[in-house]
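We just call them A, B, C and D in the order they show up, numbering each chain from 1.
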Amino acid sequence: MPGSLPGVLFDGVAYGSLLFLISVGLSVTMGLMNFINLAHGAFAMAGGYVCAVAMNRLGIPFVATLPLAFLAGAVAGGILESLLYRRLYRRSPLDQVLFSLGLTLMSVAAATWVFGPGSQPVHLPDFLLGQVRVAGVDLGAYRLFLVAVVSLIALALIASLRMTKAGARIRASVDDAQAAAGLGIDVGRVFALTFTLGSALSALGGALSIDVFGLDPTFPLKYLVYFLLVVVVGGSGSIAGSLLASMVLGVLDVVGKYYVPQIGAFVIYGLMIALLLLSPGGLRRMAR
Amino acid sequence: MSAAGRVPDARWRPAELVFWAAAVAVYFVFPHHLVLASQILITGLFALSLDLILGYAGIVSLGHAAMFGSGAYAAGLLAHHGWGEPVSGLLAGGAAGAALAFATSFVALRGGDLTRLMVTLGIGLMAYEVANQAASITGGVDGLSDVAMGKLLGLFAFDLGGRTAYVYSLAVLFAVFCLSRRIVNSPFGLSLRGIRDRSARMPALGAPVSLRLTAVYTVAGGIAGIAGALLAQTTQFVGLETLGFSRSADLLIMLVLGGAGWLYGGMVGAAAFLVAQDLLSGMNPVYWQFWLGLLLVLAVFFVPGGIVGTLAGAQLRRLEARR
Amino acid sequence: MNVPRIAFAFALAATLIAARGAPAAEPLKIGVIAEFSGPFAGYGKQMHNGIKAFIRQHGDTVAGRKVEIILKDTTGPAPEVAKRLAQDLVTQDKVDFLAGFGLTPNALAVAPLATQAKTPMIVMNAASSVITTRSPYVARLSMTLPQVTAPMAQWAAKNGIRRVYSIVSDYAPGIDAETTFAKTFQAQGGEVVGSVRVPLKNPDFAPFVQRAKDARPQAVFIFVPAGEQGIAFVKAFTERGLREAGIKLIGSGDVVDDDVLEAMGDATLGVITTHHYSAAHDSPENAAFKKAYAEANGTGSRPNFMAVAGYDGMAAIYAVAKKLDGKIDADQAMAALKGLALQSPRGPIHIDPETRDIVQTVYVRKVERTKAGLYNVEFDRFADVKDPGK
Amino acid sequence: MTAVLRTEKLSRSWGALAAVREVSFALEAGARHALIGPNGAGKTTLVNLLTGALSPSGGEVFLDGDRITRVPQHVRVRRGMARTFQITALFPNLTVLETVLLAACEQGGLCWSWLSPVARHAREIAEARRIVRELHLEDEMDVRTRILPYGKQRLLEIAVALASRPRVLLLDEPAAGIPKSESAEIFEVLARLPKDVAILFIEHDMDLVFRFADRVTVLAAGSMLAEGTPAEIAANARVREVYLGEAAHA
């Protein structure tokens, strides 16, 4: 059994990287605009369906559908942000919960109407199937691909936030929107940009997750708890915090299920409560 | 020199009497819909308990179903093992809910809104898992069946049409509502509203904040347990869903839809939500959730502060404008 | 005396009587309680498709009464909602039959009500053995988990499989499957080298499959609810390379359910399962059923075991209605159901008089690619299997 | 003259920053004691240490001779220590009367009574009405604090503190943000308070300090620079040099 620990750890990292990709957008939305957007999973689902339709009906190869999913998420995010979300930034968190849950219910029903209740098949290209032997350990090819893509995205995100002017503007707005506005930063545009980016990332995450999570209309509700876990444990608004939290939760969830399947579910929930109580601000407070 | 100065008192306003008269009238006007009506009353009682902690003490919870479910299982197990007397089952349910609330209050009440949201969510999910793992006792996913109820007060059996269930639920709801009304209008209630508005200031007034929150959280847990017991007794079945995440999430939606902080918001929200759900799913069994979602989104834009919030708020503003 | 008012009252009474019409013309109402929205929406859809296929084939009137189907959505495992919907159907719509029940908790919640309201209840999917014991007015036309699992254990033991690792979903049907398989397999000299129960709400099977691979069994026995869980499991099974390691995959037919088999693709080739219905079953009844199914529901979806249960449920109701000449009395209906034999698209079936549960042939099948696509091709059978769970 | 509130080498530091450095000071019964010093001298930190909002890194605090260093804030209030806040911290949805009434009920230990309506506690209501009238807020009795003008909110801050029937009243810049004309009105109210209430107040406006205080403590960079009557402090060269800038009256 212990022989496969590296394999299990790798699975955890792959699972964590998927959680990160989908929830990083939510983390920034909640951190930047402190808007509790429970409908964030719906953007991931939209990305998933765009990828599934492109692949199954239009015959576009899987890898090529990823940018499409990213764009679809961005467009959906941009439209919804300007039409609906923008009016609710100053509303109470409870109104935001009511609004986003309502939106989620609509997205679930709409997806059922258009795509039917069943789940979408995805046919991965051959080079992503099966296993690859790396340093004596069998690693899932698709999971390797996942970890690679997500690490690239994470690096790009962290670098752009740290290095570029736009990144600085976003970080300023995250810390204090009023002060940032005082400096002449058009916080409204920054919100829109970030929300769109967050939705696009989530859509990309949705497309990448079909193979692991499966894709059916109830996706946004089914994994809502996992996305919230990452955001709150990681500390909303922090990319590094979300990355750390995703990895911790991913690894421990997989390890828990492998070694102690009977109490597997408790591991995650117990961990979340413990982490939250240790540092209410989440890992971001620790990571700083 | 206006000697006015309104102070919280227990006087019944005319609008309240109309509300309760309507609740009694439902028994006669809708004889065939009493099963749905009693489930609305039970959900209203459950929403009342969330209103106590959210509307009055500012405690956000996404796992309130844990207390509801523990009350349902307590009453269900009692009846399952032969003790079918309803009222004592109800008290057992209340005690179970209060006990679980007290035990988890040390964890659930720390940190800000977002932390509380997630910790209570975690507690709810763990309660669900415990009940699922303890399948030998709770029946797990299959649920606890043959919850054999004795006659209410030894006189009224639980009939098929839901008549006894409705009267029983209404009586319990009204009793607990009066108790809540007292709590909310008492000095204790006033201190809760202080904690909700600015808990940081309360210690400077001499208030032991965490003790107060634990007290109201436990009382609310007891009320949620009673609501759970009521559902177990009137449907004579206890499923895992009494602890489920969607029950807590729907509850939060109903309270916000109705308007938190007015005691009536939970009940009005529950009635609106469940009636809409029943009608919509009757019309279109597969896609009704779309229209329900739309209803919620529209409510946020056009009925800010919830149904009761908008009505009562308007009256309050008229009062202040006239001054 | 003002004559006009009396005359008016008299006229009103007359029209009312006329409107009621002869009692026999009353429609035969069937209340179908199932999951039409939420994660199990596929269950309700397939059952309803099976019902529509039957009506398409046999017309919508029986014993002079027009059949009326009333759909009620439980949204998922929600016992108090199912019970409330049943109470509405019985008290308001005054249905003659309750039917459907995709999930066990909903069936268990409604069973006591069937007794109280004396309304026959036809179960078209929920598979826990205990359901028919909960009310004398329940009859099942689908299957029970032990019934379709025991043959798998017997077949495995007889075909050189000695060491099996079992993986099941952690809920009542899953536990039924695990215990039945272990009991039967060990009785035949087989050895269950390990077993694990996977949480029902589980996004990822990889760690469990890896654990099974490390136990190096000859075969993995799997039970998961039909639908997307099957897809996720088979994907993890292939990706972990258990097939390359020579580990066979066996289980109840749920994991390779006709509804999702095509979506799973070639990863399922060679998987051996036991189940009571396969869309590829070769019989004139099945061919007629598939034609009616396509006409009623379009060619988009393929009938699965839930559709055939819906179809046979209607066949049972029509048989009872004919026998009682349209006047449905609950006790007479149950008497008619006991021992009722039908020539179902899946093969000959009959209702066991004592347990009112279904007795049917369970087939051993292997997933093969036929001209018409991926199908579970039956190659062995266990005739007239009673539910070992009772 | 017994000291009702006394500290011994009270200090508080965050890492390297020593906000309050070993301050030993006494507040006499019935005193009108001003606490002055430049911004960042540690005045508010000291008040937070006295009221228990902040726990000290070292030193002791005594109330009527009993050690209360580790006693939580709400217990100190029940033992007669009330305070106001430099930045108003009131209850947006409570009306003026409800706010003062809440403080009165808390002080009476009444807030654990959860069945009798507030209306039934006539004694606390009368007390609250009296305080509201005394602070010229009777016209705004039913107005929610959220829509109360800023000046009235400052008065309400004081009313809430008085409703706790304090023997020691700590005022953190009671007249902060109030134009000159109105701030005098606030200090008249404070002057009319009974002699058995000891008041320690932080104030920047020197006219007010010298008009109302009978004793002054000067803090600078966390430690006590000087203490004495207003006249002594005005004459103190070091105070003038540190606090009033260069040697003013050369």
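Quick notes on this structure:
Simple rule for what comes next: a residue touches a chain if its C-beta (ideal position, glycine included) is under 8 Å from a C-beta of that chain, and two chains touch if they have at least 3 such contacts.
In this text, all values refer to a predicted model and were calculated from it rather than measured experimentally.
Leaving out chain B only, the groups of chains that stay linked by touch are A, C | D. When each chain is reduced to the average of its Cα atoms, C sits farthest from chain D.
Of the two chain pairs examined here, A-C and B-D, the one linked by more C-beta pairs in contact is B-D. Measuring from the averaged C-alpha position of chain A to that of chain C gives a distance of 37 Å. Separation between the centroids of chain A and chain D, computed from CA atoms only, is 50 Å.
Averaged Cα coordinates give chain B a centre that lies 42 Å from the centre of chain D.
Averaging Cα coordinates per chain places chain A and chain B 33 Å apart. Residues of chain D found to touch two or more other chains are absent. For chain B, the set of residues touching two or more other chains reads 129, 286-289.
Within chain A, residues 109, 112, 262, 265 each touch two or more of the remaining chains. Checking each pair of chains for touch leaves A-B, A-C, B-C, B-D. Every residue of chain C that touches chain B in the complex is listed here, in rising order: 36-37, 41, 44-45, 71-73, 75, 77-80, 83-84, 87-88, 90-92, 104-105, 108-109, 111-113, 116-117, 128, 130, 134, 170-172, 175, 199-200. Per the touch definition, chain A reaches chain B in the complex via residues 30, 36, 84, 87-88, 91, 93-95, 97-99, 101-110, 112-113, 221, 225, 228-229, 232-233, 236, 262-263, 265-266, 269-270, 272-273, 276-277, 280. Here chain B touches chain A in the complex through residues 54, 60, 107, 110-115, 117-119, 121-123, 125-126, 129, 133, 245-246, 249, 252-253, 256-257, 260, 286-290, 292-297, 299-301, 304, going by the rule given at the top.
Interface residues of chain C, counted against chain A in their complex, comprise 37-39, 41-42, 45, 196-199, 201, 203-204, 206-208, 210-211, 214, 227-228, 231-232, 235, 238-241, 244, 259-260, 262-265, 300-301. Across the complex, chain C is touched by residues 1, 3-4, 7-8, 11, 15, 109, 112, 116-121, 123, 129-131, 138, 140, 142, 211-214, 216-218, 222-223, 226, 253-255, 257-258, 261-262, 264-265 of chain A.
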